[in-house]
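Note that chain A is present in both complexes that follow, paired respectively with chain B and with chain C.
Right after this comes the complex of A and B.
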């Protein structure tokens, strides 16, 4: 798929390259910095994209920590696979070196070459699972310095095994599995408090400390999304008009889950990889769960030109009385040149962050149903060049609500069965609802 | 300890000395490794002088240490072509390695020797691969599968003649799934590059492959899904079964698996009549699985969005989206916003138009200029597309114009021109609004539009002659399209209000005929002049310029948003390429990739040929108007450079397409014949790929041509 993979610094200078196919001249990448520059110059016209086509060669790249990872190809290749591979490559290298940056590439170039060889063959991605790679490509080279006769090294059978994500012979003294159900809420609210769109992005994360090859079975509550989808499908056959009743949208599973079993019987069964992983993620376009914002912010700003800006803000937690929201942060944008802030919060603390042009109102704990107010006043410079540019930066809200899922999803059971070892095991479950990356309220 | 310190250009002489030093020690390995690291660092630094070190490196291969060997192999892949002499001397060692006891060494050796294109190495590889494909270790078999592809790249004729491709084919019956899927990946490379070979799979094998899906790793799933595209379902039931079996993959966490699954489903749905009625949940499933990918990093979002556009253009009954999901976020990168805007436009219909307009208004007042412009353009296109949204659109545009901000006014002028053409006489108030702000207009496109409006509506605009005069004051420096518009507008003005326009038209005609170098402008100038001064200009009844008016003031043809169809053939090909680069460029595949093999739906009794669009749309649910792009509406159509419309519909080379369709019939005949004939024997019923017969046929055809 990819003919070459390159690591480049922020200016586009190559740091490390691997040629997989030899069908593109090796100096092609030297054009990349210029192309990048062209691209940035044309950015105003909205031309900036994660790929460049130049003289029949396609440069597919992503950016990470002042680095570019770029794949070259001549042909009409599966670009999605390439981009996903590049981001997995970053993931793997980050797990190997803690952080991936220019320096760590130079410091580890030999191991990166080895990894690149294992992760991709002839430009086709092979395996991107760090746990498996770590089994035969160890970072600690200096341990290996005593010579290893090559016939002693076997390729790990996990690579070619049926269960490619778990090796044999894992042993724990205490067998435990920790389940975290995390729901992130994204919501777009307009200035008058109406919800424009909202979604719940849920994740079930598992930390597995289990011996052997355990077979797990996860049961979720009836009331939750799973039964309702199957209902929906049955109902939909007769009455397509009703199909919109519940909008359960798309569950995505880790590769260990038997998808066909889920499709047919709606049972989640899997052999987990060792350690932490995300078992499933789901998405609910949450019209039926989230009629109103969990945290409602009402903010009025009054700008007195050339003198000051007044902000009047109120927050309300529209959640159950016994629930509590923690670490609520309301981030209110202000003009770049505002100064001399004065705050009078009813509760919590307010901070002015001039470098980000915003004030942050922090409320450590926020019981459900309560409402708080805050007044802020900032000075504006008397002379302003162009005051008609409206900054439309939205207000952002961060929060987390423990012991609570917005969708009502609940874990009923997690059955752990290791046919050979038959040990006792302990599953633990935690729930949390939090703000997603995009819980925003537009300003006028 | 870090390797960073080895980054320095070294000379082969120095390194040779260091190696000699190291070999004198009783335990030389650690020292050797350090030297080798320096060598590898120099590969990164593009130091080709180190090719001279080949004999020493060859010697090192004899040391039984895996790490040293790995590093040496890396050296050989990089320098063998620079020092072929030296590389040839290493041949015997490699020949020994390929039968090493350790599978790791065998695999590494295969990978290394197949990467070197020297003739001697190719010969060695041919033998090594043949053995490797039947190796007892799956890891080696997998590597051998790719070695075939490499060999094919070096020397396709030899690879075929040696029967390696048939051997590779045998790997599809391997008991290890990883090997099977990698063999598929390798085969798809070979078939993509070969004219005579093609991948064909039968139903039993495709079902077997699908059952592997759940147990293989994510990347293998991609290759399996891809190869499913090579099976042509013979009945609708078959296609439905296959769709059913593919649906679980929509839930994979790897975005690429999801997109490939969608590609497969879309492909098979061509073999089902009204798939959206047979499987009512399908449009929702496809839609939501795409939307959920929008939570990924923006590069992935972008790819998904481009493919959403593709699906909306081609198969909009098959996918269901809520337009709200595509509303822009404040911090989306501009290329994501662009694409979302385009999708919002495509999804807009009579039901959701109010929500859409509200959202667009939000963008139009954005700080980001290019975003605001695109939003206004979307307003214009929507007004043309949806009749009952036009009033709302125009009133928003007028609101925006009234702020008098330069770029907004300019963009609005362009858009208004189209609206006025679509609804003549309905929005005269907008004309007055825009003429108030004519002074800020200076871009060619906007100017052309404004001048056209002035010419067309001069009798309704106060002091139109003054405004026009202002606008065209530097006629000679204007770009050519503005000059054309000016000529026409001045003539119209004169015809409609002779007493006011006379001075102006004379002036313009004089400029055009005497001072402009461009012959076309001069010719146009002369034509108008002759028309106006002709003896017959006033007609028999002596009415002022009656005949000329008939020529110049003819009502312009109405424009509409839905009279343009993208060539279904191109769409079809793009749909078969979902998730690939072509789907991002949204251009016909052969425009971007000259050598790419053409993909198209292969004929089978179940294939549903799409009727021409207007018919399908009238039978489709409610009366939602056709969602297509409208290049006529705009000289520089829709948003951004990736705009599908200008690329997609310009190709109407009839001769060529008919030739293609002939070819396709021939091809499909071949494949169906071979699959029927060979259905009998057990092994053949299980995926007989690249059946010799098919390739013979193909070769025979070639022979007869020459």
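Right after this comes the complex of A and C.
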């Protein structure tokens, strides 16, 4: 798929490279910095793309922490797979070294070569699961060698097994499974408080501390799952959407879930990997329902040119009285050149972050139904250059609400069955709703 | 001065420096030191230093039980095998032994590395280990061996076929382990791409294999699934039941978390959907694709989103209804990179319909208020596209644009809007209400127009709808006054417009002065041939023919434009739909237009040592060249005082004699380079010619020349030394 993989610094200088096929001259990557420069120059026109075709060679690259990961290929390859592989590579290396940056690449080149060897062969992706890779590629070689002669470092069966994500013979004293249902809300609200777009990105995360090869079965209260919406038989007949249940769309499962079983019988069954993983993710978009904002921000800014800017902001938690929102942060953008801030919050604390040109209003706990106000005043320089750049940066809100899901999804049961060991096990469930990456309110 | 000393020191070989230290480390009697030295060699290799001269010393460390050390040595071998093809053979023994190791990890490692050593002679030794590993009990070894068949084919296709490896590989497609199946498929694809022999049938997918693959699909890793899905995309069937079965099996994969599995599934389903005869059934299958398509856009990797959007555009063109309810998903997020924002706009415009137009226009207006110029421009164009696509939204769009001009203004918005206005009027020609809405706005902003496309739109409107413009005469006068300063495109436009106005107005006298002026300007003073030609044609036409034919020719209306949304040519579209998820789906060009055919043919392998040593020499000459340039830069500064007096003199004559000395110098080590056969003579010539050229161009760099020579000599010296020593050492080893 990919002929070569390169790690490059932000200027495009190679840090570490691996040639898989030898069908591209090894100095080809030296052209990359120049191509990158060309690309950046044309970026203003929006010409930037994560790939370049130059003299018959395609450079596919993704950016991470001031690094580029670049794959080269000459053929018309599956680019989506290449990009996903590169991001998987980042993921694996991050899990190995905590953070992936120039320094950690230089320090760990030996293990990176080993991983590259194991994750891709002749340009074909092989094993990209960190948990499995960690089984036989470890950072602590010396330890390994002392305790076992190297003959015994074997490829885990899991690499090629049908169950490629779990090794045999895991034992826990206490068998527990923790379920977290996390819903991230993305919402786009216009200046007058109207919701333009909203979506719920939900995830069911599991931390499994279970022995043996347990078979799990998860029951949810979701309509989309239990009422068979598989409309194969119904043909084109429009299915009237049932108003009462929650209809998830676009459900994605971890590879451990038996997809065909889900497709046919709408049952979620799986053998979980050990430790933490995301079992499923789902999306509920506004096409189905437009939610009212959970945290409503109303912000008025008055700019007195050449002297000061006044901000009047109010926040209301439009959630149940019983619930509380935690760690609410309202991030209000201000002009770059504002100074001498004065804040009078009714509740919470306000901070000015000049390097990000914003003020952050933090409210540690925020009971449902309450409303708070804040007034801020910042000075503006008397002289302003004429560039009246329209800064349309939106207000951003971060929050988390425990014990609550916006969609109303609930876990009905989690059955754990280990056919051989037959142990007692304890499932735990937690719910949390939080802001997504993009909970924003536009300013006028 | 120090020339002699330098030459002498070169003859002795380096006594210190990194290479020397590493060399010492590699042959150390302590295990730990050797391993440490190997690590440092690999590190030097990683940062791009040439450590190929250490090849024999590294090779000595190949026989080890330390897995990590073995891996590092193998890695080094893969990288530098080409520089010492004949020495690689010495490693063969270890490789063959390793393929019999009880540890499957080592068996796999050995066979994997063997295939990566691209040296022709290696092939001869691959037969036994490869056939052994292909039948290995451990699937991990088998899957690695499967790919090795492709590597072997790359090196020597005849042998690969002759020894039956290709047939064995085909058998592996039916293996019980899904991972082995996937890798065998991949290997077969690689072989098919490389194959140049017409008579060799590499691989054809049949019903039985497909059945097998469909069973495997759920048990594979994500990458294996992609391989199988790709195979399904290539498989043609006319059997309705089979197509149904395939789609049924693939559909669950739409829920996979990996976006490339999703996209590959979509491609496979679309490929087989046409086989299904019932329209209703097809629609219901297509409906299932909409949520997965949307999920591509919500991926956390922006680059993947971009690929997703590009693919969605292709699919939308084939099946316009598929995402009709999903407009909101494509709304721009503030944090999106610019290229995503622009691509999202493309999709939004295509999704516009009467029911969502209000929402869409409101959103587009927001984007037009952003600050990135290209986004603003695209947003305005998109508003125009919506107006042109949906007759019901035209007036609303126009008002929106007028609002934008009033509220925000600025060159960019005005110019873009006027281009859009012109397009809208071309879409709905002769509509009185639209004209009287748009034209006054344009008239108010004539001063702000500075771009050719906006101006030519305006000029065209002048000619088309003269009665809506007040002070027409003055406006034309201004244009004609600056006529010669305009771009030829505008000149052509002005010419046509004046002719049109003149002809259309019943009492032509009012504008005849202008007509006369413009015709004269364009025939006499204008330098552009097109403009002159056009002017002559008009002139002749106006003076000779009948009024009727004049009107027929000049006043012909342009055909109304249908859309400003770019579409694919049907042939291209079909090709792209079949190539979804590949590079061509992002470039929006079918593969054959940008992929080098030779990419699919086999690479030349260094069959003879000759070529490789030649390459080697070439590399070295390049290196030397580089060194000389660097040194001349450095040393000129340093030697400034020393050479002040003697420099010029020694350079002219000195260079010649120096070269002779060097010539002698080179003949000494040459015979020692055994492996290059008859090559040394010519290689020396290469180098000499290099030095001949250099002193002439930069005569002051005598010192640097010697410097360069000693650089080169270090290389060749170590080579020759190595050969003697190494042979002994390695023989000991085995």
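Everything that follows uses one rule, which is that the second predicted complex is superposed on the first by the 402 of 444 C-alpha atoms of A that agree within 3 Å, B and C clash if a C-alpha of one lies under 4 Å from a C-alpha of the other, contacts with A are read in each partner's own complex, and residues count from 1 in each chain.
Here is the rule we use: contacts are C-beta pairs under 8 Å (C-beta built on N, C-alpha and C of every residue); 3 or more make two chains touch, one makes a residue touch a chain.
Please read all numbers here as calculations on a predicted model, not as lab measurements.
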So, after the overlay on chain A, do chain B and chain C clash or fit? They clash
Query = Between chain B (first) and chain C (second), which does A:103 come into contact with in this model arrangement: first, second, both, or neither?
reply = first
In the superposed arrangement, which partner chain does A:16 touch: chain B (first), chain C (second), both, or neither? both
(Q) Taking the superposition on A as described, I'd like to know which of chain B and chain C A:428 touches: first, second, both or neither. (A) neither
Which holds for A:403: it touches chain B only (first), chain C only (second), both, or neither?
neither
Looking at the overlay, what does A:413 touch: chain B (first), chain C (second), both, or neither? neither
*Have a look at where A:78 lands relative to chain B and chain C in the superposition and call it first, second, both or neither.*
both
First, second, both or neither for A:188, with chain B first and chain C second:
both
Overlap of the chain B and chain C interfaces on chain A comprises residues 15-17, 21-23, 43-51, 53, 56, 58, 62, 73-81, 83-85, 87, 109-110, 113-114, 117, 121-122, 124-129, 141, 145, 149-155, 159-160, 162, 164, 188, 196-197, 199, 201, 232, 236, 249-255, 258-260, 262-263, 278, 281, 283, 285, 389-394, 438, 440, 442
The residues of chain A that touch chain B in their complex are 15-17, 21-23, 43-51, 53, 56, 58, 62, 73-81, 83-85, 87, 103, 106-110, 113-114, 117, 121-122, 124-129, 141-142, 144-155, 159-160, 162-165, 188, 196-197, 199, 201, 232-233, 236-237, 240, 243, 249-255, 258-263, 278, 281, 283, 285, 389-394, 438, 440, 442
Chain B contacts chain A in the complex at 1-4, 7, 27, 29-30, 33, 37, 40-41, 44, 63-67, 69-71, 74, 100-105, 107, 111, 115, 117, 137-139, 142-143, 146, 149-150, 153, 176-179, 182, 185-186, 189, 192, 211, 213-219, 222-223, 226, 245, 247-256, 258-260, 280-281, 284-285, 288-289, 291-292, 295, 297-300, 302-303, 322, 324-325, 327, 329-330, 333-335, 337-338, 359, 362, 365-367, 369-371, 374, 577, 579-585, 589, 592-596, 639-642
The chain C residues in contact with chain A across the complex are 39, 42-43, 46, 48, 65-68, 71-72, 75, 78-79, 101-105, 108, 112, 115-116, 118, 138-140, 143-144, 147, 150-151, 154, 177-180, 183, 186-187, 190, 193, 218-219, 221-223, 226-227, 230, 248-249, 251-253, 255-260, 263-264, 278-281, 283-284, 287, 291-292, 294-295, 298, 301-304, 306-308, 311, 325-326, 328-329, 331, 333-335, 337-339, 341-342, 363, 366, 369-375, 378, 408, 579, 581-587, 591, 594-596, 599-600, 603
Seen from chain A, its contact residues with chain C in the complex are 14-17, 19, 21-23, 43-51, 53, 56, 58, 60, 62, 73-81, 83-85, 87, 109-110, 113-114, 117, 121-122, 124-129, 136, 141, 145, 149-155, 159-160, 162, 164, 186, 188, 190, 196-197, 199, 201, 231-232, 234-236, 249-255, 258-260, 262-263, 278, 281, 283, 285-287, 389-394, 437-438, 440, 442
